[in-house]
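Should a chain be cited, it is by its letter among A, B, C and D, assigned in written order, with residues numbered from 1 in that chain.
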Amino acid sequence: MATRVGILTGGGDCPGLNAVIRAAVYRGKNEYNMEFVGIRYGWKGLLEKDTIPLNIDDVRDTIAIGGTMLRTSRTNPTKTEKYIKTAIKNFRDLELDYLIAIGGEDTLGAAFKLWKIDNDFRVVGVPKTIDNDLWGTDVTFGFDTAINLAVEAIDHLHTTARSHNRVMVVELMGRHAGWITLEAGIGGGADIILIPEVPFDIEKDLCEPLRKLKAEGREYAIVAVSEGAKLKVDEDRDGSLIIQEVDRDEFGHVRLGGIAKALAEQIEDRVGWESRFVVLGHLQRGGPPSAFDRVLSTRYGIAAADAVAEGLSGVMIALKGSVVEPIEMTEEIKNIKKLPEEYRRMAKLFSPKTGK
Amino acid sequence: MATRVGILTGGGDCPGLNAVIRAAVYRGKNEYNMEFVGIRYGWKGLLEKDTIPLNIDDVRDTIAIGGTMLRTSRTNPTKTEKYIKTAIKNFRDLELDYLIAIGGEDTLGAAFKLWKIDNDFRVVGVPKTIDNDLWGTDVTFGFDTAINLAVEAIDHLHTTARSHNRVMVVELMGRHAGWITLEAGIGGGADIILIPEVPFDIEKDLCEPLRKLKAEGREYAIVAVSEGAKLKVDEDRDGSLIIQEVDRDEFGHVRLGGIAKALAEQIEDRVGWESRFVVLGHLQRGGPPSAFDRVLSTRYGIAAADAVAEGLSGVMIALKGSVVEPIEMTEEIKNIKKLPEEYRRMAKLFSPKTGK
Amino acid sequence: MATRVGILTGGGDCPGLNAVIRAAVYRGKNEYNMEFVGIRYGWKGLLEKDTIPLNIDDVRDTIAIGGTMLRTSRTNPTKTEKYIKTAIKNFRDLELDYLIAIGGEDTLGAAFKLWKIDNDFRVVGVPKTIDNDLWGTDVTFGFDTAINLAVEAIDHLHTTARSHNRVMVVELMGRHAGWITLEAGIGGGADIILIPEVPFDIEKDLCEPLRKLKAEGREYAIVAVSEGAKLKVDEDRDGSLIIQEVDRDEFGHVRLGGIAKALAEQIEDRVGWESRFVVLGHLQRGGPPSAFDRVLSTRYGIAAADAVAEGLSGVMIALKGSVVEPIEMTEEIKNIKKLPEEYRRMAKLFSPKTGK
Amino acid sequence: MATRVGILTGGGDCPGLNAVIRAAVYRGKNEYNMEFVGIRYGWKGLLEKDTIPLNIDDVRDTIAIGGTMLRTSRTNPTKTEKYIKTAIKNFRDLELDYLIAIGGEDTLGAAFKLWKIDNDFRVVGVPKTIDNDLWGTDVTFGFDTAINLAVEAIDHLHTTARSHNRVMVVELMGRHAGWITLEAGIGGGADIILIPEVPFDIEKDLCEPLRKLKAEGREYAIVAVSEGAKLKVDEDRDGSLIIQEVDRDEFGHVRLGGIAKALAEQIEDRVGWESRFVVLGHLQRGGPPSAFDRVLSTRYGIAAADAVAEGLSGVMIALKGSVVEPIEMTEEIKNIKKLPEEYRRMAKLFSPKTGK
């Protein structure tokens, strides 16, 4: 009898999700004769038995489409005992042998926990976060699409900033880690890059370099800042900076330009250089996946079907160097992958050096 | 002796400015043997005699570059008597015969006024506004680039909105006229389009259609709203809507998602549909000009040089149907070109019809 | 009883076709209570009664998608008496009151002829050609998308040409008229533009200007040439130029870089400047429609439904200046709209002037 | 005294070259107080002492620009004894301490050879090829930009192919290795992918799968083929296939759609499915670098300056997993990095399975 495999996507959507699903279905059906069941809206769909069939024709033309054909939600199936029981019961009712769970630390953590509770609840995880800060894998899909969009946006801001002799502050995603801001900032030719991993001094790390650029005759400047960049408040010289309290969405992303707006105002006040800001927000999450993300997602989907065929469970697919392979999930999945030292140093390379 | 022509760009930057300058210089030098002087930072450069030479080599490789190689400012040379005198004196000191002034209603209005004061201050205007709301010309350059960027952004939001079962509110430029919002909204397949020309009722024009979409099983919705869209406050049923007071930039553009944020909150409260918002802001202003804008700008630049060669003054270049031609500037330049009835009706075509 | 309207698309596909269909269905259903029948594969579908229903849900999410959801063919329903009879009979069998025919001179010409034969075969035409050379309308949709793609391609070639000190010859669509080549050439900053309307002398119009550029120290050059550009053969100085015989597709487009390849070889031989070429071919026809094309197509679709509602027949929708309106179709539909004098003159503006 | 470092770029241009130069100059000047000399047109510039200064201001705004600001050529400085002597002599005359040579197997091989001949000719290589087939490094920059362009092009072809019920054959770069074709083919959703590493049978690998697709009701198909894909001629069933002899450019790339054209004709003849083809050619080489390429190139440039600072010579910079580091250059640099088994298997995953 054919192995029956459920697939779900949880958490924030991300370009490449459809490519994972597509590749798993192609590999599973063409090479292992598996059957697939699409579970809609993440764990919510498992709790509610909201499913769709997944055949080759359903997934064929989806690789260029962003988002997830299975839809997504933030439902956590391990929130209550009742949820846990329902999830495990429905897994059986749907006659599933395996579940491929595509998601971030929450989705994968829940899958891991359910499998620990019931070893028949066999799971293969596929790591997903646009922020590239997930434990265990070198790169997550969606990230490359996000930085391409962000770099193109920053490219566009150069000419308007230069024409008006302005500083342009661009706020990028990344509450805990600066991957998007660093890579988009480097790629977009930002003069100053501020990331969560390295709390900044508003004078030393922002205003002084800008004053130096201005003094050197530079007509404009670009500042790339993570939504989660943190101020070294104790070093603030005059205490005037107040980052306004702002709404954050369920991914923790700042809804309204909190930090970018605050920095633009500080720059005008302290440096006397006209400043504007842009918050890229949801734009970073949308659109067709980049070529890199399409290929990586396809490799992840293939590896997930292979892992099922090999009878593995409690594993997640990971990119290690050039190789895509299953690794064992552990509690470490909760850890954030922060920027390594090479990258933190790179963040400062293109700023003017100041004596302070 | 060669005719000496100054060129300046004033007001907000706009994709296509370099193409106007480039075409004017090519036409003027190659066909009329003119000399060109670039005046930097708009009228400010005339007041300060801040100029650069403009030869073929200076303008050759500029057509793909956004912004303005001459830089820009918001200085108004008719603000004081002293400014007026200085402007006219410097025009003479620079030995200019003509000035090609590229800008919006303020820049062209000032040019017109200076010429009225001194008929030797010969001016040819080229209309520029990204908002497409300028009097006298069918289309302004920069607008097409802006709507292409906005449509691509809205395209990208569909997949993320759909994946999460959300309403996405997109705020677009347009304080007084809805050209960008209407065309980007239609192009981006928005379900609801709110423009300054047609004040809206929050229940009848926003919430009711959304409820109907949801009831019909639609998974998501896109709302396109002009920064300057206006609420029919007297019809607001419960008085709860408060558009927060927000900063506006010097073009009157809302700096921080005032209206989009307010509408997303109202939709969540009143309709119970999860909502997010995006403010495109300065992204609409940047980037390489679209093909349409490059060609239109080139035609404007050619026509400006031709107008100088013909000895015209007090004219502005305009697109009338398929023809680019000089028209007389009048006080009407201050008028806003609002959306015609055909477009206002189109704005409502793709919304669900409700009984209310 | 509701008016029943068939829609078909004929000839080469073109970005914007889906937007026309979508807008006609929205307008027709929401404002006039019409019923729509999609006829697949152009006239072929009418001859074979190959139809699909067209409701709001079928067309809603199609505006960003290139090509035509109704598919297309080159079948001519007036080719034989039998075809004519079948077309008219099937129109009745399908209980159609109107046909909206979207296509070029062939499709519209056939619609016009069938209506002349049988006045109950009521037709409203919508003009379509990517080449922008259709009679009766100022602009056709699809053209703007094509020139945006072509301009972006030419933009990309500048850096590689410059890095290698080369001439790059780009071949663009346009067998009879140079619209795409002229506008993409101007937009892409081409040094030399060769169009069907102005047969060229290989020495005077190509090699001499290139020699002059080279002598002036220019590192590279871009030549934009229409597939249908014609050589003034009698003026060829040494008779060595042979344009190879090439395949043309059913739109008359050169399949394999006939003219671009020939010109690149001639430039290497005569000027001694390393040359490469690129044939854009089908790339010009694909992809999501530009913002301009989405809006224009939508206006065409609305106007087509309005024309049906007004009981018109034998008309086509046209853009005249800023207005979209029905005009009477005549035999003139067979005429090609060539580049006007303003444009032909613009084609030469950015080439170096030579004494010859 | 400051270390003096020459930089040159050799071979085909590639997006990312400017980012390497820029990052090396920033790192070298800001952290090691080095001096830089730009050598123009590759080794040709060293033979002719054609140099420019390279300071921060010269490289600052170059990261978004394709091609190479230093220009390039195919000159081989080890071609003759005289060249070798001149190269070494000029290295001294220019008072260089180091040379950073950015290029492919030829450029790096020559650098390695000159250093072997004279150990004072200290060299650090940076690997460059758009084809991603260079020995020693996991990924080369430029490749990601190329596949993004190719994937976008293939995306665009889907709608036109589908509208016309056609097969579209796309020819991609890759004479010896199928990296671009495989990744662009997977990313673009190609039905059939033909690469140099796996010679193909025209019936079994092309026509049979197409017949099966057609029989299953698929409306269209996309074939991605490397310019260097090879036919298993001995297995050709009827001997009718003749790949025409074609020009190849200096990188070995087919100038005129040799294989794509031949395959399109064969498909029409053997399968009876209307077919068209497109040759992407130089379009794959141009344009602004992708985000990935900008970051990778920046890391390469930084690592090159670091290697100079450490006093290394005879090394090249390589990406190994997540780490960028210097490795020793060896004769193996001449080897082609072919697609690994995982990728070859992936190439066949999305084709319909046939019994043959």
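Definition applied: a residue touches a chain if its C-beta (ideal position, glycine included) is under 8 Å from a C-beta of that chain, and two chains touch if they have at least 3 such contacts.
Since we're looking at a predicted model, the values are computed, not measured.
Counting steps between touching chains, the shortest path from chain B to chain D takes 2.
Mean C-alpha position of chain B lies 29 Å from that of chain C. The geometric centre of chain A is 34 Å away from that of chain B, both derived from CA atoms. Rounded to whole angstrom, the centroid-to-centroid distance between chain A and chain C, based on C-alpha atoms, equals 41 Å.
Across the assembly, chain A contributes residues 155, 158 that each touch 2 or more other chains.
The chain pairs satisfying the stated touch condition come to A-B, A-D, B-C, C-D. Contacts from chain D toward chain A in the complex involve residues 23, 26-27, 30-31, 60-61, 63-64, 138, 144, 147-148, 150-151, 155, 158, 183-184, 186-189, 288, 290-292, 294-295, 298-299, 302, 320-322, 324, 340, 342, 346, 349-350, 353. Every residue of chain A that touches chain B in the complex is listed here, in rising order: 12-13, 17, 41, 65-68, 71-73, 149, 152-153, 155-160, 162-165, 168, 219, 249, 255-257, 261, 276-279, 281-283, 285-287.
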